[in-house]
């Protein structure tokens, strides 16, 4: 069969973060669907969406916040697959800090990536619900991510960090043990997933169909502990330098797989399912932080669970 | 070619400068200058610094437009640089990335292109031989002495076979011995080619030894104050400098200029 | 101060250059040069370009170490720049960010500091008056003419009250009229201060009009070929240029040099 | 024969009077008055920009329209005038830029003197400087934050790092600018090496130094913004990053335009200081040494 | 009186022979041989680096030890030699850098000629160039990706954008380098404006142009790496980003060191071409025009 070339834009160059996709590449699931997938890493969700709107990428892996933002700006982009149903974010503290719950953060400094990123809404929601107000009971300090975030802990500039949980795994591997103190209900702040432009989906339904089906297969593949070795090989093919330290890669992969697996409450809907109430949570949060001016007339137009069942069918 | 005998009086006037005025902004550099050169004549202009000598020469060469008045050469008004006018400046300004030969051929190359320049190589080599630096034709200017560089500049001026040579202190950057020698070379070339020449200089002996007529300029505003005919025989040589007659002429001009330059 | 009468023969030798050799890499610029100046004497050195005149002067001034041989001034060997040696170059090289006065005071400022320079202002102003540019003392060099700049350079040389003046073609960048004038100024100053002077020049008339003795240098390797005593009376003036005696001396030197410069 | 034809020519030719027809003309492009040229170019740039957006060649979330950008410029301006948070950000960035510029000047100047004045500097230090300068400085951001924290100090350090090199190169070049004549003069009046450096070589090299400063003015802007991009903080760079992450492109562009005014102001300040300070460089009459 | 004391002095003083004791000495720092100085400096830098890490002034997550870095350099070198993915990355980056350098040269040169040769360019175009150059170019990365895609084209564009300005400035400056004398000469031999530009002003300005190229060589490196950081692709910049996000600092440092060799090579290539090409700039004897 003729192969269709598609480009997938992801917001960071890690392979493990997008493990199901790389497993699908490695196992030939995309090929079987007639897809020839080219993965490109840009800098952040906004650039993913920009690349999609420019037609440079057909499928992207943005976060839900930026997707709603882009929709508000008139880009008809649709979220089709919930890759991180348990959220990519976590509220992290140093393991030996003695801090155990959000309420312990009273009077503390919380590090965030940028002054106004999605993780800020996330952290603010947790702390507000714990009865604390920004400015009075806690402050945010933008510390960037990766190395600079680590620096913030090492210098003692922050007591907690709201950011990607994969960062915690990395820091742990480098000797900085962090624990997550995110209450379970905030897992509703699901993380990045796959999105396409509505136009594209309308014109190329079979591409989107095939992509999702292969993705779910990839997800199943990495979920099976028996496949760990093969999965790590596929990850290393996607990003060789990430795969050099195999033990480290294995721990990262395990952490990522855990976040990608839906909670028991939703597992029955299958991989990729986006609970409407979680979208509602996101919208509310974005409005309260001022990132969105007003609620959407039709929030459901921004996501689609239509194909989930088909993809998950054996 | 044999050395001509001087006969400027009978020769026809080829170069006419009429009521030439040049102002820079509010400053009048030249004021109604009148001046005529006869065919084959060697004219020299002398005057204190800033009296407008270079300005006059540039207008005569068509490098600078006059404010009013006109310049006519061979009955055609000079309205821009012309092929029949050769110029030479105090600095040789050879292009350092071209050989001596390339530098000499530059005017041809600019006006007629590379092919014409290649065709003129033989002539350029002859000229270099003429001024005695034939051996240095493939050498870059960085390796030439000051005198050799000025010789190359002479060849560059002569390559277009100009009818008129305009010389703005051509050898004043050279040391005195080389300068004397080059002046005699210049005389020889002018006589051989019967070129009409016009020399700007600061040096009175230089003007006297070379010129048929000396134009003494005054400043503020620049104008020709006096014209002196030099009737020393041709060809001249450096020994003439030690004759009484030469001394007298020099003395006369120095008096004249000294008064001007240093008051009353 | 009255003009002294010349008496070099009786005066004691103050400046002695003995078996001076200077090599640059493999090239011998000076070869066993011997030369003595007497107190108050005006010496001039003349020779073709590249024969080592500037090199000699720099070694005499302590600006360049000799390869062998020695220089002794007032019985102390010259081993570096000295306060009792004043130097002047072809370029005035005034610092453009200092006024004329500031430039004249530069040597004092460098050697003794700002306070000393301020204390010497009166003397600097006197010197500027002496050379006739008192009015320009608060002017920046950008606004001085070439002649004025060289006058300022003279003052800068004189401000340290040197016993010896070393002059490397000091006025050769000026036009001839200004140059003649400056040479007479120089003579006046040297006579007034009874300074021992040593002039490098390319101009034979300049050397003759100024010097008590002329050292003719030859090149390859640089050495003193002949010493000519000039017994024209002091103070000299420009009119002497037109005397027969002057002409003879110039002619003799030109012959001598001409042979050298342009082959046997 | 020649005589004859000349006479013939003269007969036909009208006598030329003062009104000579000089062919010397500036080409058309150079005779456009400055304000016309600048306005024209401005209109052309905005016109193309408008066309690109209007024809939907580029999506609006990548390139905003000129009108959107303009209205955002007005909004941002209003916020700044009323002392809003954007003014604070601009003040922070300006502070960073000025501090870094001062530091880069001091460090660049010192290193430039070391490189230009000593053989040790020229031969041993310079190669390391070139090697360091070709490194992607962005990678050093965590290091600066580790040492200097999340305040403006770490951004100042990054900006200084970027802006120093051009000053080193040009200062060193400036020290070679003094002529042999001038060096000889200073030697002859007994000036020490230090005096020659301070009183001759440095003043003579000032025009070079200022060229370096102009390049550094641009570099320091880039450095400050990059620092704010990467390491949080409160400056305009952080605002741009937030706006970019929200796909608020009109805001991104209007902030960039404000920054370019800041950069332009710094650049022009250097030009002005040079004109005022190096007054002697305008004329080069015979008396001057330069 | 003076006579007397002089005689006295002479009596005491030994006769000086050829072995004069000249006080002229290079200061100690300048007499160190180059290799000693460079090695010494190298050891000093690594020593301080080691001390900082050994005393745990900076955590190992931020600054690796020299030993870790060295062993990673060896590892990366091995990967490159055996034709591994790092070699590919280096080849990609090198390609980007060279393409961008070529483009920056062409564009910078053209704009430089426009600015230096026409009043229109100088007065109307230059202010815009300065304004554009002070903008944080990183913000334009999405625009380049939108137009040019994820391949090296978008990185080449960003690198070109960054490297062009210094070439413009220096080319324009170079066009002013021809002296009044040389211009007059060209006018007098009837050269057209274009001939004067091509045959006189451009060759005379070459040394300036090369100065611009040296600065651009550094800029193009920074631009390529930044482009790879931000916009996908397979270059060394992308590798650094991955390593940095995993806090694999020894890898970050070793990659940076490889890049700085690439930058140094480009820089030295420019120096070499200049020396070979502008052969006449070495000597400035009287005959030369420059």
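Think of it as A, B, C, D and E in the order they're written, each chain with its own count starting at 1.
Going forward, contacts are C-beta pairs under 8 Å (C-beta built on N, C-alpha and C of every residue); 3 or more make two chains touch, one makes a residue touch a chain.
In UniProt terms, the chains line up like this: B, C = ABC transporter ATP-binding protein; D, E = ABC transporter permease.
These figures come from a predicted structure and were not determined experimentally.
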item	value
Number of steps on the shortest touching-chain route linking chain A and chain C	2
Most widely separated chain from chain C, with each centre as the mean of CA atoms	A
Centroid spacing, where centroids are CA-atom means, of chain B and chain C in whole angstrom	33
Centre distance in Å when chain C and chain E (ABC transporter permease) are each reduced to the mean of their C-alpha atoms	46
Distance between the centres, which are taken as Cα means, of chain B and chain A, whole angstrom	84
Two or more partner chains touched - positions in chain E (ABC transporter permease)	59, 62, 142, 146-147, 229, 244
For chain A, residues contacting two or more additional chains	46, 50, 53-54, 146-147, 150-151, 154
Residue numbers of chain B (touch at least two other chains)	145-146
Residue ranges of chain D (ABC transporter permease) touching chain E (ABC transporter permease) (in the complex, touch as defined)	26-27, 29-30, 32, 34, 37-38, 40-41, 45, 58-59, 62-63, 118-120, 123-125, 127-128, 130-139, 142-143, 146-147, 165-166, 169, 173, 193, 211, 214-215, 217-218, 221-222, 225-226, 229, 237, 240, 244, 252, 256-257, 259-264, 266-267
Complex contacts: residues of chain D (ABC transporter permease) adjacent to chain A	58-62, 141-142, 145-146, 149-150, 230-234, 238-239, 241-242, 244-248
Complex contacts: residues of chain A adjacent to chain E (ABC transporter permease)	7, 9, 12-14, 38, 40-43, 46-47, 50-51, 53-54, 56-57, 145-147, 150-151, 154, 170-171, 173-176, 239-242, 248
Partner chain B, residues of chain C touching it in the complex	48-49, 145-146, 175-178, 180-181, 202-204, 238-239, 241-242, 244, 247-248, 250-251, 254, 257-258, 261-262
Complex contact set, residues of chain C against chain D (ABC transporter permease)	58, 61, 63, 81-83, 85, 87, 89, 91-97, 106-107, 110-111, 140-146, 148-149, 152, 156, 160, 173
